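A, B and C label the chains in the order they appear, each numbered from 1.
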Amino acid sequence: MHLENDIDKSTSIGMVKGQIQRRKRTDLVFAAGGLVTMVLALAVLLALLGQLVMDGIGRLSWQFFTSFPSRFPTQAGILSAWIGTVIVMMLTALAAVPLGIGAAIYLEEYARHNWVTDLIEINIANLAGVPSIVYGLMALGLFVYQFHLGQCFLTAGLTLGMLILPMVIIATREAIRSVPSQIREASYALGATKWQTVRDHVVPYSMGGILTGLILALSRAVGETAPLITVGALSFIAFLPHPPWQSAFPFFSLQWMFDPFTVMPIQMFNWVSRPQEEFHLNAAAAGIILMLMTLVMNALAISIRARFRARIHW
Amino acid sequence: MNTPLARSEVFRKETDFRVYSATISQFKERGIELLLLLAALTSIAITLGIVGVLLYESVTFFRQVSLFDFLTDTQWTPLFSEPHYGILPLVSGTLVTTLVALLVAMPMGSLVAIYLSEYAGANIRETVKPILELLSAVPTVVYGYFALLFVTPLLQKVWPGLPGFNMLSAGLVIGIMILPYISSVSEDAMRAVPVSLREGAYALGATRMQTAIRVVFPSALSGIAAAYILGISRAIGETMVVAIAAGMQPTLTWNPLEPAATMTAYIVQVSLGDLPHGSIGYQTIFATGLTLLVITLLFNIAGHALRKRYRQVY
Amino acid sequence: MATGSDARLPVKAESKALSFYYGALHALKGISLVIPERHTTALIGPSGCGKTTYLRCLNRMHDLYAGNRYEGEVFLYPDGVNIVAPSVDPIEIRMRVGMVFQKPNPFPKSIYENVAYGLRIRQPVRRTELDEAVERALRDAALWTEVKDRLHEPAWALSGGQQQRLCIARALATGPELLLFDEPTSALDPTATARIEELVTDLKQRVTIVIVTHNMQQAARISDFTAFMYEGKLVEFDRTEIIYTNPSNKLTEAYVTGRFG
């Protein structure tokens, strides 16, 4: 055994060992850095929620829910705001659902590969990235003034409906795509038309994904403020919209759609913009409710997705 | 296996299930396809609406204000008796807040993405993902509240002279807001890098950090660049955080410790006021909106092109 | 070629110089084949020879995907309609020609609803008639006794073999004149396979059957006529016994004796 290179060998092995030690240290530092960043993000989230709850919890009460805004912070409440949110969300869904699901069905099941289809797809991708306030500007020029709808619930619903339309389309397309071709072929082989296949199989089996996408989109819309400010939401509404019924024929009324409107985030914005600290507490309380609405909707979406996944097997 | 099969007649002529009219069915199918196509075309209608409204009002504006003045004047005072219509103050506001946001979101987002994609086990990912999703679900008006009433006072402890409205708080909070977005798109890009590439590096004795930085990051570069660009676009379009925390005073300044108005905050400010429809003050918000749209559109197109590229490479 | 008494067998379907293109790929080259009524015709051949492609022409399945093109004619008797003519509505054809697929693909619905679907889409049917038709179909598919107490339970809870019999019942419920099987047992275990083969043997008395199989022994067991295809062409068509014991074509002989494929 020729050992003359023993010393060289041990030195180079020593060098390698040293390098490995150093690299392991930097590796550890890097991993620690990543971990620290995530902890930081968590800390920020907790600080945000904590601040909100600490400031606002004292103002949460039945009176808060059932009072209109007022000049006096302790008497002010969110009645018109949360009812407004509910109504606007309803109208938003009514606008986005038929258009969004219809568009997605067309693109996935009917559209041929030509330039029109490409144009529509590029367009949807672009719309998803347009700042929300631009939708407000469009709605202002188009719905409020051009179509003379005024600054009302209908306009608000249409505005937010347009805003979440790309999200609904994209989520619905993904849900539809997950239906395997064997199921479609089985339906066609029985003599079903394209519409029958879509109506009886494709849409029902993707309902879970469609509903999840819709609810997540609506949870985004709940927090939207900028486009509604532009469209003309008021933040001092001390009255409720007209009821949907009336005593004369035809006994239902659409007057409420044309009433002035407000929503939760706008009320919160108004209160946080005031200099008096008492209004800030109101803002925090409104913020808690807003967060709860968002969280509940997200949880609902997740549970619906799980429920539907359990029922569909292929 | 001698179970006698039923001797029943499958094809009784009395119950002929073959009632089918090709013409009626085809007519109905065409009609449904047309309706669905119309739904898909609404997306194009929306884009036309946005562009149409913005151009229409801006054209009137630019008849009275030269494009040169608009782009180079250093004052934005549309409501003064001697009005100035230079968009630079608004652009500088947007730019500074976006830069601050990026200084926060890019390093943090990338670190989190690298950690989740290369280091974290399933447990950590299960914990971190919901936190990030929660961060992105918080309504922007709540973030605005947080920026004004938590971050600013906190920063004022470090810089006692910090004004109540400043771009730093707003920028930091926007950074946190877009962090989940940047991290998730980056992470997708990194996970798309094939395992074989990583294994090649590990086989050569590289540590995880080295592999991450020298192999995975560069390979996923176009996807990560897409994440940055789309994050920038998101930050540019952000409205409520700046409207609440950065102030609404258009000032041409590059110092984040001062208050300023962004393009988005300006639109909100005017919408909150009472400008008569058709006045030049009213038209300024559309000119601003058009500028905003053009800028975000450029970033979006670049981001999507990059995203398509990284998706095609593998 | 089939001779003698076979020439007098009534014909259910007949393809005349049928060619098919997947885009630019010429997958079927001038196939002229006779499918005798109320008999089982098997299509055999090595992978890629075009047997499934041919099968899917018979119910216009290729129409579902863009870029496909038919040439030639396929006549469905007794009326002689050309299945692949562009002017013929594929829905009409699929109402007369049923298909059972390679991997069982029941709908994620109940057993009852799976069988009933084909009936529902044709015309409004009274509930009692529907119940009867579903029972009949399940009996004919040798599945009734196993599922009669759980008709409204999900179809995916059934075993693979049961699911395939359910798919057969689904196809039978609407009274097809021609039933196409695309390798129906390749995803099933031997016991389930045996049950399905028994079913097919029994069904052919009432429905004309065309079955694609890569399993030569299966074709030998259950079919009356066999067509051997190779590289998109029809090489030989004759009574199954003749194909297996005394084929006219050297290629056929090489295939059935296992020298390739």
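Definition applied: a contact is a pair of C-beta atoms (placed from the backbone, for glycine too) under 8 Å apart; a residue touches a chain by one contact, two chains touch by 3 or more.
A quick note: this is a predicted structure, and the numbers were derived from the prediction, not measured.
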| item | value |
| --- | --- |
| Taking each chain's C-alpha mean as its centre, the one farthest from chain C | B |
| Highest-count interface - the chain pair sharing the most C-beta contacts | A-B |
| Distance between the centres, which are taken as Cα means, of chain B and chain A, whole angstrom | 13 |
| Distance from the mean Cα position of chain C to that of chain B, given in whole angstrom | 52 |
| Mean-CA-position distance for chain C and chain A (Å) | 49 |
| Chain C residues counted as touching two or more neighbouring chains | 91, 95, 118, 122, 174 |
| Touching two or more other chains - residue numbers and ranges from chain A | 191, 193 |
| Chain B: positions in contact with at least two other chains | 20, 25 |
| Of chain A, residues touching chain C in the complex | 112-113, 182-193, 196, 200-201, 205, 311-314 |
| Sites on chain B touched by chain A in the complex | 20, 25, 28-29, 32-33, 35-44, 46-47, 49-50, 52-54, 56-57, 108, 111-112, 114-115, 119-120, 128, 131-135, 137-146, 148-150, 176, 179, 207-210, 212, 230, 233-234, 236-240, 243-244, 264, 267-268, 271-272, 277, 285-286, 289, 292-293, 296-297, 300-301, 303-304 |
| Residue ranges of chain C touching chain A (in the complex, touch as defined) | 59, 61, 64, 66, 91, 94-95, 98-99, 101, 103, 105-108, 117-118, 121-122, 154, 156, 167, 170-171, 174 |
| Touch list for chain C against partner chain B, complex | 89, 91-92, 95-96, 118-119, 122-123, 125, 129, 133, 136-137, 139-140, 142, 144-145, 172, 174-175, 194-195, 198-199, 202, 206-207 |
| Sites on chain B touched by chain C in the complex | 1, 3, 5-6, 8-12, 15-20, 22, 25-26 |
